[in-house]
């Protein structure tokens, strides 16, 4: 159905709130020049109307509980409801970050315990939980690398190496921290080109940002060699934790030679993605980097948990306060429920599911699999043959999947694969869901070769048909206020 | 969409639970003859699959948050979310009913406070909160009336008078309590026929069960006269609280002459209906009946709240323990938020909405309004003209409404109105929702007279088409087990 | 206050005018003069103030999370998985009513059909209604049903003496109108139903009721035999069973039950100070029985396109159609509680239900063993959840000590069963922790 | 453990076989020999055990419901209406990700567009992104943006000295890579931004940042003038504002802001020990500004049928397309927090937001008046939420007394602003109760 904008549902005089009365009903004068005089066009609705509006909007949205959500690189695993229940405890919601430490021992203990888990899982020595998301973590990590080199009297190390298959946040974060970004190409096999890496490293090398398995879902099997090359050149190795779900409980970045790691609690540790956030992007480092971590860290003296601001060379803060605490709580609940075996099982099944899907789809006309066949937790097919032969693009395939009630994979990423379809089923979907997904992709292949228009015109059964993003960018309408103005001027016809 | 039965989603070996280990892992022998040997065909699914299944089922269901839900006699008002939040407090969920009174002062206070509100709202002197629902309350009330007459040495008072427009639970409850049920007819105006009442009362009269406003939504304006007739004959007056929403904060049953009242917390006091329950049906009585109330009552000595089992002539218990406590909590939250003015406003708007709808629809071809035009919180139209002229029945109209995304009214009730459409918008719907409802009813009238087949064939856009309830009754399939058996035998083809 | 729930409050005057009224009072002109009055009630408060107030009031309750509890006796602290709570709080389930319009209520109908189906498996009887108020009212309704099945010619209903006083009282109140004679069969020296006594009591009985574990937690060993005795006497056999037993104990249907009852809320629902709960009501697939069954039943059928669909069925038994002649007056039931228990059951599956039963059985055994160190266990035998312990001094005194130590002790039953002396029921479930039991025993050692 | 989250664990071997593998290890054959290891981690636990444990741990936190709190200083105890919580917990919102597929994500897209639209109204600037991590990172991103707008030719960014140390630290870390010069402007004797000092600092500045109420809670009287000074010097004007002020205080856009930032989580979100939060980021409708904006933006457009629809737009600014040249590295943001604040705003409406501002203003005034009985208020002027109070003895000692009395006292700022001496910030919002303030003052009277 179509749900009007909340502004269109507004009727004068309706209210959706109650407020307590002020302690004293005295007039407090606001200086004339600061008093609000401009209009405040907020909607006016009652609570029942608001609840209906957002209930309907929610039903026009696809989440992990709606069905398979195999967005590659996003690890859209099931978000256990117990995480939410614990995160809803008053001891989470109603706690002020500046309370006396003696009144927040529970909160600090949760942060401290979470750090211990993450250390063992990654093979790192110390963690900050402050970053709000993966990219915030990346920025933290590369800022630490920068601080380390400066501290070592090597200000010339201003080049950050990044795989050409890397997430866009890697180069963006490096650039934000002041680095020049150098791309390292991949081989035909889909792994890092070691020769190119050898050629790229040097005195200006600050480090290499890598994810392993990489964004093709392929394990960089020469990772120890890569580490050696970078370390030998004086650079540090940065691990993008987006793909940790592939090796959780199996292999540790720390043992692969990484010096800095960021994790995504909302990917690997089952906290919900919230339609785009909040996430949480803890950063772990080897011992020699721990003095550069943001403040505060969480300490424990055997009796008492405390906030530790005594981090001599700290890069400072990458976010206010201590990070997304409510997200950390969820992740810790997950870890405690899963335990050692559970985490290992999770990775194993995630990898099994990705390979199962890969093998089942392999050989279907129109899709090809670039690089090695053995994948870890995700797989990347290319619809390049289909596009060449039928004109049907990866985007068309994605949109057609929506018609079957399925969420599309990530498309057009990694950039090194043309017409990429990046599929990550995760360990929490059933075999039947994967089978149905493969069936749908096969059917779309058939349609592409027999009746391509049905695919190109997709989706057909969704709340809206294919959305015109070119128009959106050409004629930006970014708020109700802008819409009303443009409508008035006759510049929009919708 | 179609969602399979959970049994069909089952796959061997899957689990959706974790359990703590036993304290000691010793073998405890179960006698051979008591050991479970028969099969236990429960479904086997993982938690993510279960969550998806029930999420989808929920999306195939229409609730108060989905849109207008004007089921007459059911008062489907908005259920404030704050009610749910408070009812979710650990002090509700994790409390055992046999705890020492000193450890449940909060719970007892809530029950006591709720009783005080209900007393003032109804004009009664004492309440039991034990009944689980309206009908359970009715049974309680009429049992009290029976106990009273027996106690008074009048065992011959075995006739319960009931209006012919009464809810079916009234006669059923009276019969269950051992009464003979005598129906009192209504006049053309839609109110009780006083002459018939005069003729019906006598020495065998135990009481009269009445709702005011009655099920036509019409206020029994001769209520004081009715009370006089019944009381004079030695009978008691019972108030069916289903329709209290019409007079909340305006008029009190106690002031109308009623001796016993039951309320529906899930109707009048905004607690959710839960797809059929739980409800809560407190019963209030005038002072002279309070010794007959079920045990325990909740007492307060100015310092301490306590359970009072000292009710000398108590009818006993109508339900285990103290009633649906979690429902009571919700009702009390509502009462505290609303307060005196809020309750009054609620009734006034409920009545305004019903009359607004009545007047807007009045005169539409095919529908007629039996009885007085002035209604209280609900209105009853008859589709009798439409049926005669076009063959379209009230049921067809109801089903066609579903096609417009609207919930149908109650149909074929009260029984005294042919082709009844009983509409109760409640105070929490907006004018625009009522307008849309009237528009839909008008459009259906138009369709009935121009293209009746589209109405008779309705619904067309719902998850399933019109459901065959005749087949359901003729060939009962009441569990998965029965289905499998019948399927095996070829006796069902679906 | 409460304006935020009333969209049309702001449009009141416009709307009145539009339909030709000049004031709200005019809408109430049919109310007799002088009857409308100002109520003596507090003013409404803001949501925040009510939240603060109720939060404080409810915090006065000492929950079983704050103080270890050994209270059972018909209400048990089971753990409710978080996803169960989340799912039944989705407003499409929570705020709907009885699915009168099946076409837009398939979700609730299917969920209830699944509930019926799972309970049918547990109880071994294929016909289950979509819930009664609780176990107690379910027994009472079963009693009335057995009398209807005998067309009122038999009015005696036999129950065990070792039954919960709550249930006992409900049965009595419910059956008074129909003039039933409730006959109690005592327990024998082993705490089991006294078979010899039963044989007398059963004469001319409409029905016989027995529980698979009696009020004292003692597993009833002769359920099948009791059923045979009942049937031989021409009485219907009604079996009560805690659903959490049924993964390891035989299904009532297999033990000969015509009707089985139980408490669905033990699965998927918190204690809530005693309510809401939900009664299971199951019968054999026998038209005669089904016709006399109380409560709502969901059936599977087809829609106009021949597609599978669900609908409330067999409504001609019910009050809104049969009125005074209905099989029961029940209308609103405990649907949401039933759905919660079904979700929990689906999560457990056959393996989980078995495991749950085993954990409870083992924890009960541990509790019993430890209690026997400090008190007398009146009967030998197998216990499930509840264990009676008899002390040498007034239990009230012991209770005070436990309370002072932050322990919710047992439930004193000496009042209802004076023949058992200073006995209290202590209970264990899967939630019971070893350290709780150990702390209890330590305290009892000092005081008992 | 964790089996219940892993449907295919039971089908593992079948599935392996079906795709030609003989073991899981084979799937990891590309991992170098010896790298796979057994982790030293605890075993998994049952959901119930984790629930019990975490419930106990979290109960160790003394919440502001248990102890009245006067802590503010950038984090405030506002009340979150229950319906806001319920709605954002609906899993279709909660568990979705960034709406990459608009056709099945219209719900979240529209909710975010509505968020942008409401914030546009509050801040008086029509272009708002769909959230930054928090207010602090929003300022830092604004600083970087003003430098980009000057094509790196200006690298100075002016901020007030009376700013939260949290924000100050974030700005520093964020702007280090781009080599920004952060210049602080002190406060004058009235606690207001020192205009004369500003005039010097602004020279060659890329941007000037000011807050409508400074860290001490003091309402900044000369926002408009400060903007004029900034613009005259060719700097962009960045205004920070608490959204709860904006029902009664003029919109930043009207006061001349090119960019406005703030904290969305003050509406509709609990404190959560400091996170998650969400930064508001708004700019003028100016292509130049929009092109340099960080973060995700939702736009309105049409679908293939010409129907209105919503989509993420202007993505060419973003990291997944522009990589090292992106306007920011932000990817995951705080969408759900933003939606919660929008739902709260929609509930308040214009009248409610105004009322909220007034209640806070009045409660702050009451707190200030009462505090002035026992402490020195360093500056005269109008306060919003925070009030500084200077004491004659070390605040640490006072704090101990308050804590012992069950009161979360003020936030000591003497460490960060030694020139203010033994000063702590006390805060009031609409949640502050008279009896809390009175208890505080009573305690302070005895100790201060």
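Just a few scattered comments:
Letters A, B, C and D mark the chains as written, and numbering starts fresh at 1 in each.
Here, contacts are C-beta pairs under 8 Å (C-beta built on N, C-alpha and C of every residue); 3 or more make two chains touch, one makes a residue touch a chain.
Given the structure is predicted, the values throughout are model-derived calculations rather than measurements.
Looking at which of B-D and A-D shares more C-beta pairs in contact, the answer is the pair A-D. Over half of the residue-numbered contact pairs at A-C are shared with one candidate from B-C, A-D or B-D, namely B-D.
Here the CA centre of subunit A is 47 Å from the CA centre of subunit B. Here the CA centre of subunit B is 46 Å from the CA centre of subunit D. Taking each chain's centre as the mean of its C-alpha atoms, subunit B lies 19 Å from subunit C.
Within subunit A, residues 11, 14-21, 44-49, 51, 55-56, 59, 64-66, 78, 80-82, 84-85, 337, 428-431 each touch two or more of the remaining chains. Annotation for subunit C: residues 1-7, 9, 11, 44-48, 51, 55, 65, 81-83, 85-86, 89-91, 347, 430-431, 433 touch two or more other chains. For subunit D in complex with subunit B, the residues that touch the partner chain are 1-7, 9-11, 44-49, 81-83, 85-86, 91. Residues of subunit B touching subunit D in their complex: 11-21, 44-49, 51, 55, 80-82, 84-85.
The part of subunit B that touches subunit A in the complex is made up of residues 1, 11, 18, 46-49, 51-52, 55-56, 59, 64-67, 78, 80-81, 337, 405, 428-432. Those residues of subunit D whose C-beta lies close enough to touch subunit C in the complex are 4, 47-48, 51-52, 55, 65, 79, 81-82, 86, 89-91, 347, 430-431, 433.
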